Amino acid sequence: MAVSLKETVEQSDTRLGRLFDFSIQALIVLSLVTFSIETLPHLSSSYKNILSALELFCVVVFTLEYIARLWVADSKIAFALSFFGVIDLIAILPFYLSLGVDLRSLRIFRFLRLFRILKLVRYNQAVRRFHRALLIAREEIVLFAVVALILLYLAAVGIYYFENEAQPEAFASVFHSLWWATATLTTVGYGDVYPVTVGGRCFTFLVLLVGLGIVSVPAGLVASALSKAREIEDGKELFETDTKDCR
Amino acid sequence: MAVSLKETVEQSDTRLGRLFDFSIQALIVLSLVTFSIETLPHLSSSYKNILSALELFCVVVFTLEYIARLWVADSKIAFALSFFGVIDLIAILPFYLSLGVDLRSLRIFRFLRLFRILKLVRYNQAVRRFHRALLIAREEIVLFAVVALILLYLAAVGIYYFENEAQPEAFASVFHSLWWATATLTTVGYGDVYPVTVGGRCFTFLVLLVGLGIVSVPAGLVASALSKAREIEDGKELFETDTKDCR
Amino acid sequence: MAVSLKETVEQSDTRLGRLFDFSIQALIVLSLVTFSIETLPHLSSSYKNILSALELFCVVVFTLEYIARLWVADSKIAFALSFFGVIDLIAILPFYLSLGVDLRSLRIFRFLRLFRILKLVRYNQAVRRFHRALLIAREEIVLFAVVALILLYLAAVGIYYFENEAQPEAFASVFHSLWWATATLTTVGYGDVYPVTVGGRCFTFLVLLVGLGIVSVPAGLVASALSKAREIEDGKELFETDTKDCR
Amino acid sequence: MAVSLKETVEQSDTRLGRLFDFSIQALIVLSLVTFSIETLPHLSSSYKNILSALELFCVVVFTLEYIARLWVADSKIAFALSFFGVIDLIAILPFYLSLGVDLRSLRIFRFLRLFRILKLVRYNQAVRRFHRALLIAREEIVLFAVVALILLYLAAVGIYYFENEAQPEAFASVFHSLWWATATLTTVGYGDVYPVTVGGRCFTFLVLLVGLGIVSVPAGLVASALSKAREIEDGKELFETDTKDCR
């Protein structure tokens, strides 16, 4: 019996294992939806009761899942200290902790429930390919992140000197200007702060000319690294198929 | 006669077939333009009469086309149940249904006329290449769609905790925050909602740093998959040319 | 003398030819700057006189250039009817036409002076590579332009149904909605029109999810086609070098 | 002793050299943070004193570093005139110059301190790969920069003719329109200026259709050039390994 439980919980290539995985994933999404609806203002108390019941149900199932995983693990300590072992615990702990303390501090612990979303990562095999792609383009991404940060800082200092006098509120300091630089170089452009002086606008023009190339390059790097990662995986599969054929 | 009608309607490599295809496509565009102009407020009644006449003309031709396609089809039931058979029917049905009912519910059926635009897809051979490209990069696109959705959700929850107290209207719930997250991570940045607290702005900075790479990668994936799809097609054509040469 | 004039005007690999090309290009930029400054409001009459003098100087030189090109051309009619022959004429004609007519219609002819900027294209050899890249990716770019236009239209119609009642001014018709769709799908997001209803925001979310991939793919296509065009050119140069070596 | 100092200062593959490099980089970041905090309005005098002390400390260390580098350089004049020799001097000079002049002009010299950030570039080996990538795609980047500038100008002139009458303030001249063109074609879209006439909106639609492809292509070019640069580097390393193996 313990063997079939182990197979159900840990493997995903049997029918029961797939059903178990799918059920847990559906519950994670349900608990996130519950959490989101709870934040809506002006909820009637009847709705709140339904949400609390759903919340209780999710926590009970997640607790049973954690106990089951701990039970079937070859090394109980290794699982408890593994990345997903810790996440599984953090995902249920806030609920039990909030039972022992007063209601005020409850709000802080609700934030921790967010880690449940990382459980989705546990079941997604395709994430490994993305991880591999990040490793391939690691150096370039770090380089561009550094260059982009330097550019952001230079843009913020530059606009501070041009706009500080004309708009002492919006561009009060280099930190305020950094907010403008972020919204501008990512091309979000909320429109809450923007240059109004001729100098500031010419500076923005120059910064955008240089900056767009810098900021949007990493996406291209990840895309090309991802296609390389797929080629490597395809190569491995071919190799494994060849090896099987040789037997 | 039935044979030449069949050729005209179903094939596009004869002169009559091309003329038929082009006429239908022109009529689809005309009916869409008519539909758009009808939505303009303060239209004079003389304009409305012209638009109604054009509308009637389009529906009559589309009805004749549907009957012709049904007539020449090898299996009438197979065509009626096929994707484009259903679309062709949906494109004309609302008009006839609106004759039998009162004017109030007319508005709802007008919406269905939109499906006519999908008829353009029917005649566009190049769509197949795009379809092939989507199949090549299917896994990566699904992975990035999932990662992007998780990121959107995390960004929404994060900004909710930072901005809810400062802007209880704009960031009233996680759902309101999702609207902000959508507008920000796609870099649209309408400027109707934006963070004002220091914490919210720092959080936005971090989310954009990570998020831009995630959200704009799929476009690169599609572009590279499309060039692969072209290579595959070119290879096939070469193969076919070779085979022809061998005869 | 006619031979050396021909070399100076038509070729750019001699010292005099390069000097001639550079002078003309500098004058084009000067005439564009002049034109831009003229549009500034509240210009003093002394500045206006200087600008008129510069304008006169440019037109005289461009006229002399046109006469010289016509003079040295092997076939005068062929040059006069060629793309750049027509542009050169259009660039100077408005000035002479405005001498014969009253001042009111002058404004319209000033618009034609813009074609002068296309003269810059005449001297830029690298434009040919871009032209070649566009030819390589022609089919894909047309496909994506069509798909993007269909998506724009569907987005406009969809948002019209969601937002028309809530914002009868901003989303007054499908044409008004097209302006929103343009600003949103290109991620410009001015913030002059944006959805406020829950349905409209969810629809925007879905449209952006699909649309961003479609709209930003062509740039990737052009980039990859451009690298292919460079490979083809490098191949040609190698071939030509090989051929020269063989002599 | 001079030898070990030389090794510490100039090389980064010994333990002392790495420690020295890391300390200087940390100090650069510290001095930039100090500079940024100083721009905050309403700072208490006690904070200002701490910042001044940190500033003094940084300048002293940078001065000692400059003297050390000058001391150990093989050719003192070559170092003093080298790019980083000049930057190192400019980074510390403003502080000493501000001691001799009155306080008003101090503000201008503070701007020069920004060059210190370029010291970070000195220690970053990965910058060379980026430099190589820029050299590979140089021609294409220049071409697209020129085409993008022409497009920006044409967009500015076009929108000036469409919007000048409707919005004489926002689109007062071609230069004002250039600000709109910059914010629009980079898709930043602050929303401070946007077209309101039908003609202006249709023109914007057309400009964006053409412009997005032009403006976002260079990023793709840099990304592909960077992967080429990595391939070239990998090839070199392989070659060097091979050469070593042959010994």
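Which chain is which? They are A, B, C and D, in the order written, and residues in each are numbered from 1.
Definition applied: a contact is a pair of C-beta atoms (placed from the backbone, for glycine too) under 8 Å apart; a residue touches a chain by one contact, two chains touch by 3 or more.
From a predicted model like this one, the values you see are computed outputs, not experimental measurements.
Comparing the contact residues of chain B and chain C by number shows a mostly separate set, under half of all numbers used being common to the two copies. Greatest Cα centroid separation from chain A: this falls to C.
As a whole-number value, the distance joining the C-alpha centres of chain B and chain D reads 42 Å.
Between chain A and chain B the centroid-to-centroid distance comes to 30 Å (mean Cα coordinates, whole Å). Annotation for chain D: residues 187-191, 216, 219-220, 223-224 touch two or more other chains. Those residues of chain B that touch chain D in the shared complex are 187-191, 220. By the touch criterion stated above, chain A contacts chain D in their complex at residues 139-140, 142-143, 146-147, 150, 153-154, 157, 160-161, 164, 168, 172-175, 184, 187-191, 194, 201, 204-205, 208-209, 212-213, 216-217, 219-221, 223-224.
Interface residues of chain D facing chain A in the complex, by the touch rule stated above, are 32, 35-36, 39-41, 111, 114, 117, 120, 124, 126-127, 129-130, 141, 145, 178-179, 182-183, 186-192, 215-216, 218-220, 222-224, 226-227, 230.
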